[in-house]
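The chains carry the letters A, B, C, D, E and F, assigned in the order they are written, with residues numbered from 1 in each.
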Amino acid sequence: MSTEKELITIITEAVLETELCKKIEQLGATGYTVIDVRGKGHTGNRGGDWKESANIQIEVVCNAHLAEVITHTLETNYFDDYAMIVYRSPVTVLRSDKF
Amino acid sequence: MIDPIILFFIFGFLASLFRSDLKIPPAIYDLLSILLLITIGMKGGVELAKQPFISLLPQIGVVLLIGFVIPLVLSPVLRQLGKFKREDAASIAAHYGSVSVGTFAVAIAFMENNSIEYEAHLPVFVVMLEIPAIIVGILLAKGIQANMAWGKISHEIFLGKGVVLLIGGLAIGWIAGPDGITKIKPLFFDLFTGILALFLLEMGLITARQLSSLKNYGFFLVGFGIIVPVLMAIGGVWVGLAMGLSVGGATVLGTLTASASYIAVPAAMRISVPSANPTLSLTASLGITFPFNVLVGIPIYYQIAKLMQG
Amino acid sequence: MIDPIILFFIFGFLASLFRSDLKIPPAIYDLLSILLLITIGMKGGVELAKQPFISLLPQIGVVLLIGFVIPLVLSPVLRQLGKFKREDAASIAAHYGSVSVGTFAVAIAFMENNSIEYEAHLPVFVVMLEIPAIIVGILLAKGIQANMAWGKISHEIFLGKGVVLLIGGLAIGWIAGPDGITKIKPLFFDLFTGILALFLLEMGLITARQLSSLKNYGFFLVGFGIIVPVLMAIGGVWVGLAMGLSVGGATVLGTLTASASYIAVPAAMRISVPSANPTLSLTASLGITFPFNVLVGIPIYYQIAKLMQG
Amino acid sequence: MIDPIILFFIFGFLASLFRSDLKIPPAIYDLLSILLLITIGMKGGVELAKQPFISLLPQIGVVLLIGFVIPLVLSPVLRQLGKFKREDAASIAAHYGSVSVGTFAVAIAFMENNSIEYEAHLPVFVVMLEIPAIIVGILLAKGIQANMAWGKISHEIFLGKGVVLLIGGLAIGWIAGPDGITKIKPLFFDLFTGILALFLLEMGLITARQLSSLKNYGFFLVGFGIIVPVLMAIGGVWVGLAMGLSVGGATVLGTLTASASYIAVPAAMRISVPSANPTLSLTASLGITFPFNVLVGIPIYYQIAKLMQG
Amino acid sequence: MSTEKELITIITEAVLETELCKKIEQLGATGYTVIDVRGKGHTGNRGGDWKESANIQIEVVCNAHLAEVITHTLETNYFDDYAMIVYRSPVTVLRSDKF
Amino acid sequence: MSTEKELITIITEAVLETELCKKIEQLGATGYTVIDVRGKGHTGNRGGDWKESANIQIEVVCNAHLAEVITHTLETNYFDDYAMIVYRSPVTVLRSDKF
């Protein structure tokens, strides 16, 4: 089993946390990690002082195929309406059977 | 004499305007709003424990109706006059149909500062007015569709943090009654005005940050955010007096109808009507209507209530 | 009449059960527990300042002994009846040998709500009961090994946050004495019940989340989490009366023995006995025993104490 | 009798020394300092509302002067005796020219604990002493350059969190006046000493962590951090008596001059004089001078004031 | 438009947040993300208990050229005086026109 | 001195923070960064409401050899008993002599 996986990083509105995490699980990811962040992008300043303007960063480690599925789902369902960026990078995992 | 809680709001506003690095950590903002919401809920609940619930039912019915009617009236106005797209009109209408707990607390402080009497069960109306407008707003935005995710939507509406804390506080106050809550009063009741002051400091910081969005969205919003509250306040005061509230009580009800939500509704709309632009509704409710009501609206509504009482 | 702090617990529990997004930020949870622990410690310390320490020594000795004995008794039960592996049995036993500060605070609130007298130095027992069970638990899990990292372990035991705050509060109360602490009373003493209410709200939220683990670990844990506390309470009440405590004091001691730790012990065990499954002990102590004690246990233990007093 | 707030400081110090995992979350530290700063500001403001501002102007002038003079005196001392480079000398001098709000609060608590009278407008001096030393420090470090980013620098000085909260509180207290603030007193005034206790607990934790830097920076800093405050206190007491303050008031002014900033100045220096080593100034102000003043300095300064009063 | 971008990660003193974010925008980045972190490095323990000892992690997704400019600016202006590390890694972004 | 280093990312239980950071230093890393995170994985939901269920993410930049040593140590000592995932990715660092 290959230890080369993909890390997907999603930075988006905090209000989406529950919904996205559920969806990521449903699509087959074995886990995810969420960080409270703040930032600025096309939709303006999201300083995170209160829930409405708070961002989260979601990280998912998974295989290349699932990475495709997840990013595609995000692109289709959330990109138009929400502040969101998504990027991927290759990572080498320990215990690759965990993912 | 100017109420110091108003000064805290202005202080926050100025600090943010001058780009001070003053910040209230998000966790503290959460604590402050948890305390405010529970306490307001509890105050309502304690009153319910004092008088037979049945005697309040007619008033509650009227208030619920207000919550349904306001967004139905505002949404077409926003579409026609404001040229907003369907979802945006519906979302803004929902914000104004619902209420701002912070504004309510300032209104109550105004009553007490000026020794104006008001009905102690008014907090119950806050709870009642939170929800109907959200439902109407979603229906206006989406129409009634066969495949609507009602499970998800009603979850957002009834189990959002704001609503849960108000209802939880109400239930606790109701069950425990006036005597039961004696021991928790020092935290929830005695500190209330101080907590409100800190909360308004943060609101001032946040409000000032909304201003930058104003220029992008033209001045229709400014007019809307000032004129509509005044009109709704007149309506609310009139209904309040008609249903037998004192001048103080009618003023508070008017303030509630004049106020626009910035906690429960934005979250629910963001999830349920994603294509509505949240900046529009927040700029109006938080950037214009909130400071207007808090700084100049409430005393005006009180004068209106006195006039209408005749 | 139901104590409102219990209502806060139930409120949190229900909010979490219905998957509301209500959350107490971790920083606020930390603040609440810091305040609770320091205050309970200080209350004990102030009493130590009032009476000669030597006169309490016999009672303290007995209480320490209880802390050593309980895990020694429970661990074999868990291995034989529960079929738990050595480390898990030791860890669960340590949780039940130690105490829950939240449960203690609820017991004190119960006494005051019902005007039942109790010895003011009871908080000292909380401090005494925190630690012995942890030591015993680690020894039971690992046996006495030559190469044991005692430095690391005793660091975990004595310098964990919970223990440090209790002991720090105790020392401050003891040195400052009843008069010394007058000026800090508004924060630490007057707000205490309100702080406890918020703390129990959070405990309700957390408790409900433990329930999902229940189905994975069979119903032995449920039985254990209810029956064992009752038995330990009976023992605790009996010892309490035997060593001369009032009915109220014996009830509180019974509640302490009946309660299981969910702050100090889990952290210490996680570091010192990594192979013990933390879900097992937390599900039992937090998911079952804590709500049982708080909701129904304490009044029962009081009846038991009255009966045994004769 | 030892003040319990001092015990909280010692408690935090010891907990950190023994490497306990006790931590105050950053958000809570922020809340505590926000409350302290606003309250001290408000106390000053309320006094300004009571007496004609003009009558205080001479005293305020003198105090501002002190703030400009101290760093001018200290900086050459640090360069010559301490062999510090220009920027470091300037930065340390700025820290000692400005004031520590925590130390001020402890001094006030000392006065009240020992029923020593002091002028109620002293908090105004805290606000006045915050700023001048920062300006002087920056000029000393950089010289007066043509291309100085004064916009950025004055932003750092006047709009840093500490200064903004003090000035905001001052303004609120001044405008609202003694009666206006009645309703927010429970949070800001009644809880003040308790909040200060928690703040000192955190300061204890932080102070102990500074100690490790001590060995790296030799013992000049230790000497400087103890001797200089005593000398500055003598100067401050003398000026205070000369300008007509009571013994208590002069003691507090002496304590202010003896204290060194660890909130406003470090942030401003870090941005405006990047090449100054922040560890040097913080080790001295927080690791040595703060505990020295709080634990032994204040009573000594009081004795000095009594002696000088004659 | 290529979807291959660079992710710059900057870990430095919290006191620099406003200044760095402003500079990053001025240099042409379309956005940035900020996280509160703590850590240890050459300048010692930065445990983040209070502002003076707090760290932030700034993440910027941008093209390779801008990445050069930003890292160079950081190196020139901040490396000597502040606790700071900077590293880059290639990432594949969704909607590359956003960056 | 090469500027190509490895970034190790460890996501695990918050209770391990002190112990792991100490070990990472002992093994020779020049520093580390810690972030408070929450997440879900094989050991279930770790929502971070309170210490027991809180996660941390530790990031270490180091050379390839040390990365081997660190990941190996983690694998041997913690993988069995703790909620933990570990992954590595190559990064280009500024001032490579810092690591």
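The criterion applied here is as follows: a residue touches a chain if its C-beta (ideal position, glycine included) is under 8 Å from a C-beta of that chain, and two chains touch if they have at least 3 such contacts.
Keep in mind that what you see is a predicted model, and the values were worked out from it rather than measured.
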*Which chains contact both chain B and chain C?*
D
*Count the touching C-beta pairs: is C-F or C-D ahead?*
C-D
_Measuring between Cα centroids, what's the chain most distant from chain B?_
F
*Express in whole angstrom the distance between the two chain centres, defined as the mean CA positions of chain B and chain F.*
45
*asked:* Suppose each chain is reduced to the average of its Cα coordinates; what separation in Å results between chain D and chain F?
replied: 40
*Starting from the mean Cα coordinates of chain D and chain E, work out the distance between those two points in Å.*
34
*Mind pulling the residue numbers of chain D that touch at least two other chains?*
21, 23-28, 186, 191
*Return the residues of chain F touching two or more other chains; collapse runs of consecutive numbers into ranges.*
35-36, 89
*Can you identify all of the chain pairs that touch?*
A-B, A-E, A-F, B-C, B-D, C-D, C-F, D-E, E-F
*How about chain E: which of its residues touch chain A in the complex?*
5, 7, 21, 25, 30-36, 61, 89-95, 98
_With touch defined as at the start, can you tell me which chain F residues reach chain C in the complex?_
13, 15-16, 19, 36, 44-45, 47-52, 54, 78, 80-82
*How about chain E: which of its residues touch chain F in the complex?*
9, 11, 35-42, 55, 57, 71, 74-75, 79, 85-89
*Across the complex, what residues on chain B touch chain D?*
1-5, 7-8, 11, 15, 18-28, 109, 112-113, 186, 190-191, 193-195, 197-198
_Quick check on the complex: what are the chain C residues that touch chain F?_
23-24, 26, 29, 202, 205-206, 209, 213, 262, 266-267, 270-271, 274-275, 278-279, 282
